[in-house]
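Quick heads-up: structures coming right below.
Presented sequentially are two complexes of chain A, the first with chain B as partner and the second with chain C.
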Partner chain A sequence: MFKYILVTELQASLYTWKSTVWFLITSAIFSFTSYLFLTDKELSLLDQTEMLWLISKIIIGTALLIITVDASNTINAEFEKETAESLFLTPLTTKDFVLGKLLASLALWIAIYLISIPYIIVVSAGSHLTFAFVIYVLMLGTMIILGFQMMIFGISFLFRSSKNTLTTSLIILLALVIPATFSSTLKNNSLSHFLSVINPVDNVFSSLDNVLVDYKIAISSNLLYIIPVLIFCLAAFTFMLYSIKLFKRSGIVNKD
Partner chain B sequence: MKTAVKTENLTKLYGKTKAVDCLSLEVKNGEFFGFLGPNGAGKTTTIRLLTGIIRPDKGKAMINENLPTNSIEAKLIAGVMPESQGLYEWMTAIEYLLFFAHLYGVHDPIKAAVEKLAIVGLSNEKNKRIGAFSRGMRQRISLARALINEPKILFLDEPTLGLDPKGQEDIQNLLKTLNTEGVTIFYSSHLLNEVAQLCSRIAVIHHGKLIAQGTITQLQEQTGLTNDSLKDIFLKLTGE
Partner chain C sequence: MHKINSFIFFVLLLIVCFTSANSILADSSSFSLPPLNINILSKQTLNGIAGDYVTVSAEITNISQKTITNITTYLSMADEETKLPVDLEDWSAEKGLFIGTIDSKQKLPLDWKIHFVKPGKYSLIVIAEINGENQPLTSNITHFTVSPKHNLNPGQVLPVALGMPLFLLIIMMFATYIRRAKS
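Up next is the complex of A and B:
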């Protein structure tokens, strides 16, 4: 039954022009960044592998920001527009509801990723890293975005308010992305080194560094970075299940 | 006769407030049951408990003899027109009904959607976006959604609110027909004339408690207002 939720969610994105706006913003960011890399005097002096690493961070960072904003509204809109009651009067299960919403949100990431491919090809032209770049951005991006979506859905079921969910999710996103940006500087201190090891965003960026700058393309060489991201996804999934349990206990409508 | 709706000591708390307080009711199959109460009496909460949208803190509610109200089986045989319409503004009327027909697993969704639109008098508006609908049209599309799964039991919370007299009459006639066809109707409304005209039995709740139930004649006897209208009986019972 989740397919009807998925299709409706995708249709809603198209009808309300929400997706179009996201795609335009994404294209503008990628075009501007690629243009700078290729024309700016100082940026064009960067090694191509460094350039690729930076653009991979921009692709995943942009997608994380867009998905955070979009996913914060996906579940909450049903509560705020009072459509949740009519949905749950049908035999629709919470599992189907969440799965449909999750896949619709994931489709947005896939679309952003597809938009990024031509830019990846242009920036990686002449190197032997295009294929590894495309695969690793897809794999790591999908994992981190799935983890974020589940975390945001969990927050949504707790708060039932898009404003509160968005604020909380953005704070978490910034708390993970900012240290990841200064990762190498922070690793000098043992506490910040520990935080860096458990930070999923940091691990995604480190894995991309490993692949694109250090040419360690094999999955086995990146397991050290992939495992913390998988643990984050598992933690986000557990948190989402817990909030769904609380949601079911308090009822679809929690006030008179 | 089989029981369509049954509650035993049903209780729902919101904080320390008892929205529904030890409510015990029984509605027989095929009845047109009126459910009355002043604002904040607990009517909407009761309907939400009966349709599995919220869980009781105490007691139990069942439909169709022994089905728990939040079970899939119960949802398949119940049609609900809740107080909040909760419509997808960007959908057209036909898209909206098709979506719900799919969620209910209706065998022929297109046929069902077209048929229900005709029943509520929205055939000419089937391709119009719900966002452009008037209040009355929104009520009609909500009712069509409640009917999309051919329910055996229909829960209606203020179904004629916002409708013009012609619209009210159309909906009343439709409900009468459905009831004649065997559909049990659990009807909550503030329009007492309408309730008196349609319902075979009536229950009145106040502050979450059941204060009276029976036919209009029985309620007249209970209150000693033998020649008075339902409005007078209601006002006496609720002390308003």
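Up next is the complex of A and C:
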């Protein structure tokens, strides 16, 4: 049953008009920004490492937005189309149901990442950072997106409504991404510093800055940023488990 | 009476001579040469293209008879077209070079690496401030031109920027064809 869910969801994620249009728009965004950075008379005079850092933020930011929109609908679609009841009457366990949908949603991130690789290669040419760029975007992107997916799945099980899940998820995304884009001069006071430490998106961007701009490629040099992201993933996983427990207690058809 | 008048006149003359001598001595420093000579060596090699990194080389010489300490030297640049000073932070210039001690008749090199950010015509001077002195010292003005950079395909980005969306469009059309063929 897990395979059935995975294959169905993979087709829905990757083989529909919706997803191909998303990939096209994503590619257009990457094309525009890469070309702009390399040719604009002001921006092309950025240090190459700063350029790589900006592009890595664009890749992860775009993927986060697309995954947020997609994951908000993945589970809620079953409730809104009223197919959840018949689905759970099958031998399908909740674990297989969630895992299948999670992996299919993650495949969307992998597709976006694969689209970004040619841009990464062309922009980082000559910098000796191509390999580190590719690996760190994959590692950090996968962690943050997995965390977001689990959090959104948890919200989905609580709200059982695409509209409410999407709204809440987008607000959370904005609340985490906007402070992460502030310059360092705005993060000088203790409150901003504390928020930077706990913000997983800020930690991802800071780790990419550490690798691409400061040349600290070793994992040990980036543990300070990776650990908060892992804690976020763990918290999101715990939240998802709690939401599933509440969902099972209230039943497939909401008793409220 | 005549003798008293002469004496008073002589005393007044002495006072005038004394105060004049004092003022001449007090103003004597304004006629002395500046203790440092600053010369920009890379006058002829500064012209370039936007995006280039160039080194501004200068030389500071202590032409006085005594050792001078605590000198801060820095660049100052102006855009000749807009008639405005240039913010050197945008040009990635080092902030300033500090000279702890320069002996009499000693020459020291000064180098700044700058990044040509914007095309245009510029003028550049080197300024030296001696700790405790009110008057900074400057080099002669050096003029240079930064030409614009014209490159439509830097780093071969165009094939990827145009090719990837086209490739995905082809895949999309192929997938649509397969889907229609199946149905």
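In this text, the second predicted complex is superposed on the first by the 249 of 256 C-alpha atoms of A that agree within 3 Å, B and C clash if a C-alpha of one lies under 4 Å from a C-alpha of the other, contacts with A are read in each partner's own complex, and residues count from 1 in each chain.
Here is the rule we use: contacts are C-beta pairs under 8 Å (C-beta built on N, C-alpha and C of every residue); 3 or more make two chains touch, one makes a residue touch a chain.
Model, not experiment: these values are computed from the prediction.
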item: Contacts of A:Phe23 with chain B and chain C, given as first, second, both or neither; value: second
item: First (chain B), second (chain C), both or neither touched by A:Ala125; value: second
item: Contacts of A:Gly251 with chain B and chain C, given as first, second, both or neither; value: first
item: Touching partner for A:Ser86 - first (chain B), second (chain C), both, neither; value: first
item: Contacts of A:Leu52 with chain B and chain C, given as first, second, both or neither; value: neither
item: Partner chain(s) touched by A:Tyr15 [first = chain B, second = chain C, both, neither]; value: both
item: Touching both chain B and chain C, residues of chain A; value: 15
item: Residue ranges of chain A touching chain C (in the complex, touch as defined); value: 15, 17, 20-21, 23-24, 27-28, 30-32, 34-35, 38-39, 41-42, 44-45, 115, 118-119, 121-123, 125-126
item: Residues of chain B touching chain A in the complex; value: 14, 19, 40, 44-45, 48, 51-55, 72, 75-76, 78, 80, 82, 84-90, 99-100, 102-105, 145, 149
item: Residue ranges of chain A in contact with chain B within the complex; value: 1, 4, 8, 12, 15-16, 81-93, 249, 251-256
item: Residues on chain C engaged by chain A in the complex (per definition of touch); value: 50-51, 115-119, 148-149, 151-152, 154-158, 160-165, 168-169, 171-172, 175-176
